[in-house]
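Letters A, B, C and D name the chains as they come in the text, with residue numbers starting at 1 for each one.
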Amino acid sequence: MEVSKKLSAYLTKLNTIRTTAIKSVKSESPTVKTFTLEDDICSKANPGQFLMLRIPGIDEIPLSILNAGEGQVQFSVKAVGDATRHLHNLTTGDLLGLRGPFGTSFTETRGRVLLIGGGTGTAPLLFLAKRLAAKVDRLSFVIGAKTKNELLYLTELDAVCTDESAIATTEDGSYGLQCLATEPLEKLVDKQKFNMIYTCGPEKMVKSIFNFAEKRKIAMEASLERLIRCGIGLCGSCMIGKYRVCRDGPVFTMARLSEVKDELGMSKLGFDGSRIEV
Amino acid sequence: MNNNLLTVNIAGLKLQNPTALASGILGYTGDSFKFVEESGAGAIVTKSVGVSPRVGYSNPTVVQAKSGLINAVGLPNPGINEYTEELKYAKSVLKVPLIVSVFGYTSEEYALVAVKAAEAGADAVELNVSCPHVKYTGSEIGQNPKLLTDVVCAVKSAVQKPVIVKLSPNVTDIVELGKAAVKAGADALTVINTVRALAIDVETQEPILSNVRGGLSGPAIKPIAVRCVYDIFEALPKTPIFGCGGVSDWRDALEFFLAGASAVQVGTAIAFEEPAVFEAINKGVTAYLKRKGYGSVKEIVGLSHQA
Amino acid sequence: MNNNLLTVNIAGLKLQNPTALASGILGYTGDSFKFVEESGAGAIVTKSVGVSPRVGYSNPTVVQAKSGLINAVGLPNPGINEYTEELKYAKSVLKVPLIVSVFGYTSEEYALVAVKAAEAGADAVELNVSCPHVKYTGSEIGQNPKLLTDVVCAVKSAVQKPVIVKLSPNVTDIVELGKAAVKAGADALTVINTVRALAIDVETQEPILSNVRGGLSGPAIKPIAVRCVYDIFEALPKTPIFGCGGVSDWRDALEFFLAGASAVQVGTAIAFEEPAVFEAINKGVTAYLKRKGYGSVKEIVGLSHQA
Amino acid sequence: MEVSKKLSAYLTKLNTIRTTAIKSVKSESPTVKTFTLEDDICSKANPGQFLMLRIPGIDEIPLSILNAGEGQVQFSVKAVGDATRHLHNLTTGDLLGLRGPFGTSFTETRGRVLLIGGGTGTAPLLFLAKRLAAKVDRLSFVIGAKTKNELLYLTELDAVCTDESAIATTEDGSYGLQCLATEPLEKLVDKQKFNMIYTCGPEKMVKSIFNFAEKRKIAMEASLERLIRCGIGLCGSCMIGKYRVCRDGPVFTMARLSEVKDELGMSKLGFDGSRIEV
């Protein structure tokens, strides 16, 4: 009772929209920009959590948190549709609405960890890597993109990774290895035992990493995406199995991934609540 | 939770306990219904479904208010044909009654969806004649005794299953509408849907919901909902009532029972308290009944009217 | 607070700032009005007064809800004759406009009280046609366009002072009633009075208010009140509006201005935040206007409708 | 802002009715009974504060707190009308509703203090005396009643007062001095300098003590009564001057008593909001 009352107050504050001016915008790639906003509540987020961003008059969308601290929060946005394209047209001083942070975060582990990020899915992993860097024995980070100029966060990655622990892959071979981000996996895992694989990215990628981790019995956590409307576990738009991606996720443990593996990479709910292909 | 103290019977539906999932909350998939059942709900009401698919409004569709939420999701639903598979699956995994919430733009549409829902396994249908934010349906029907009568009559003559009518609080006299529904054949009433409301972002100076207006739910509306249940029970003491609006704990549930509800539906509290809220309510109600020496929750329904 | 940014003019009333004391709150004595004025209010509305004395209901008359209060005080008032002295005294000590809230059981009674109030010095009268808990007056009039028209016409033809009509949210279509009031001559509207509600004590199993039903006020009803103001402004953009219902801080006040209110009335927040709430609201609104570069609060009235 | 938000939460909790069973009832005199209830919130009250007591189905009335602590609260009730007579018929196990504690409390002073109580007005003073007893140099307590068996709390008084510091007065002389409670005042004050007079009782008594204290320039605090409806400073039933007895009072300092002296002992608002004689 006491706990739930506290949660309720917590949620009210978290879930109240704060409208604030963009502090700065940075181009990460031709299609991805990183925004910095001031927000005390989101600045306390943990890696894996997401926020709901309102683009006034347009839409409100879920975005992973790329960085949080000192009263600020950052997120990266890939222009894929109406809302994200509008967002790319905004600049310092323009108003945005924030609520959150929401959802589960990655479990911090020790030992050797492997992070595999695809596209903007790299964002929460970079946030996690910064937290883990000083604490783990080895941190290997694989990122992938179609082509060189879509690879994100190369500089930041170098900063958190030691020697050859950062591996970039491109489908066209214009940078790093020419392969999918999942390919180096087998080699890395053959070389040494990893205590945990963290991943976020296209769901087909997550699914194939899950299959691999299950076969090789390596612990894993993945951040998933579904249609997010309310963001607070109420409307049911984001179901995967019996779980709500917005509240029971977005970060799923191995055990939970197993429970939903029939839907993983297969089906999700569309805007009209019908089942569609992922 | 399942004990003899808590079982209730509403319009022929047997509920193991008097708490139900309200429509529109975790309301799409059989798996989510199953999870809510496992969390302790005594019945499930689905998201409102119509004849054709609707994608709903664009976000923001839910806004936090000081003591509740304002929503205008816009009745996104796959349409009854597409939804039939999910309903059949849901029916196959659920032990508790499955109530399908139905909306339409005409009485024929309501009847059509109700029939298909019944065929897919619905144990009852709930008519959403009270959604405050979609044009030509919902409360535009539920605010008008004549239209309401037509819809209820059409559905009643089309399906054999119990028909529950969900009333809107956005009316001058809810009793008038409740009476119209019952006269037209409603087997039970759900009281209430959300209260029309609006929130403005003072920084951007515009309404926050993409639909501008929405419906207020949660603790804020509980005293309004209790009043509506009290009014309806006073006028229609024989009609079973699902109380709905702001139920968050066992005390809230008891207020509804004492006002005249045979069971409660829970929506917004699921966001604030998680689905475990069902189990918590049932535990609290059980303890109360034992402490006060009642043999069944049925004994306290409407008791506050004796005062 | 008195600065050029904040002055507003409503139906001929000059307010130094756009916050007013709502009717029924600290509403009896000249000394209390003076105190509220010193706390920063830009206008005073008295407790509703009728032809004859009324003692109101016995306690409990006010019950705490989760995010507001439910009250059924029952319009206790000394009757206009007895009250005339207090009004004259109030008028002699106040610098801000004194608005006398008036109720009656017939249009003649409304007119009679309004005339005497005007004679005693009222700068305007506010017609309480929206009290949700006293029979044969209040919302029984304000829910009925015909009765409402009669009352407003009677008062308008009896007094020269501005006539403000306070609307009830307990109606199917508040715009219909607003239009009726304006057509009958209302110079301004106060939107809204309390929302009908009820609370039950689960231990004693009876309604807590001695009158059973009461009116919900405070933060709980703010999103409902903002919606009503938005609706009325959309339909009647030329009619000045006092926004009322749950205003507790400057952000709330701004929401009402942006929705279409020229000023706000504050009630329940006085219990939660003390009368200092007026000063706090005015400070916050001033800071906002400066930050956004406005020259007057008048510039933002109704601005959310442009979106 | 932060403070008022806290107050708001505080008030909600305080002002929510708690319904609880009577723990015990004790007869203090033919017309006065003392009730003990369990209530965590009221058990933290300070002397001078009052609570709102709901007698289910009958009324809700203000009562001074006689004692508070260890999860319990006590108050004494004189049967004078409908509600109070009903209350006298209730017994252990019957349900009552409580909200509060509300209002201001007496300022604790050091040195020599004089307490003067009339009738049930003695209740908050006894509560205060218990708090002060060990801390002050001298505590003199005068109580008054019409006749012997209406004198309240004689035993408790002996417990808190040393030697001759407790003085009882009756109008008929059936016990103690035959006089009004105000009479010993002059003598006591002539004998020694008091740092503070605390009083509560019939308003004519309070008024005459106020006049005396003003003349003799002795600090004073008095608890006043007015019609209390809401108890939270909203409805305006309890105005005296610009003050609300329920929130700015019931305990008034000398300075505030001076501000309202024209109304003190003279006029108050009746149930219909008209001015009536006290």
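Convention: contacts are C-beta pairs under 8 Å (C-beta built on N, C-alpha and C of every residue); 3 or more make two chains touch, one makes a residue touch a chain.
Only a predicted model underlies this, so the values are computations on that prediction, with no experimental measurement involved.
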**Item:** Minimum number of chain-to-chain touching steps separating chain A from chain D
**Value:** 3
**From chain C, the most remote chain by mean C-alpha position** = A
**Asked** When the centre of a chain is set as the mean of its C-alpha atoms, what distance in Å lies between chain A and chain B?
**Response** 35
**Request:** Would you mind pulling out the distance in Å between where the CA atoms of chain B average out and where those of chain D do?
**Result:** 50
**Request:** Please work out the Cα centroid separation of chain B and chain C, and write it as a whole number of Å.
**Result:** 34
**Fill in**
chain C residues touching 2+ other chains are 66-67, 202, 206, 307
**Prompt:** Which residues does chain A have that touch at least 2 chains other than itself?
**Reply:** 57
**Request:** Please categorise the chain-chain contact pattern as a line, ring, star, complete graph or other.
**Result:** line
**Touch relationships between chains, expressed as pairs** = A-B, B-C, C-D
**Fill in**
Given the complex, residues on chain D that touch chain C span 1, 4, 7-8, 11-12, 15-17, 19-20, 52, 54, 56-61, 95, 97, 99, 229-237, 239, 241-242, 244, 269-275
**Fill in**
Listed in rising order, chain C residues that touch chain B in their complex are 65-68, 70, 143, 170-172, 195-200, 202, 205-207, 212-213, 216, 219-224, 226-227, 230, 246, 251, 254-255, 258-259, 288, 300, 303-304, 306-307
**Request:** Note which residues of chain B are touching chain A in the complex, please.
**Result:** 24-29, 31-32, 34-35, 47, 53-56, 58-64, 66-67, 69, 71, 73, 76-79, 82-83, 86, 201-204, 206, 208, 210, 248-249, 267-268, 270-274, 276-277, 280
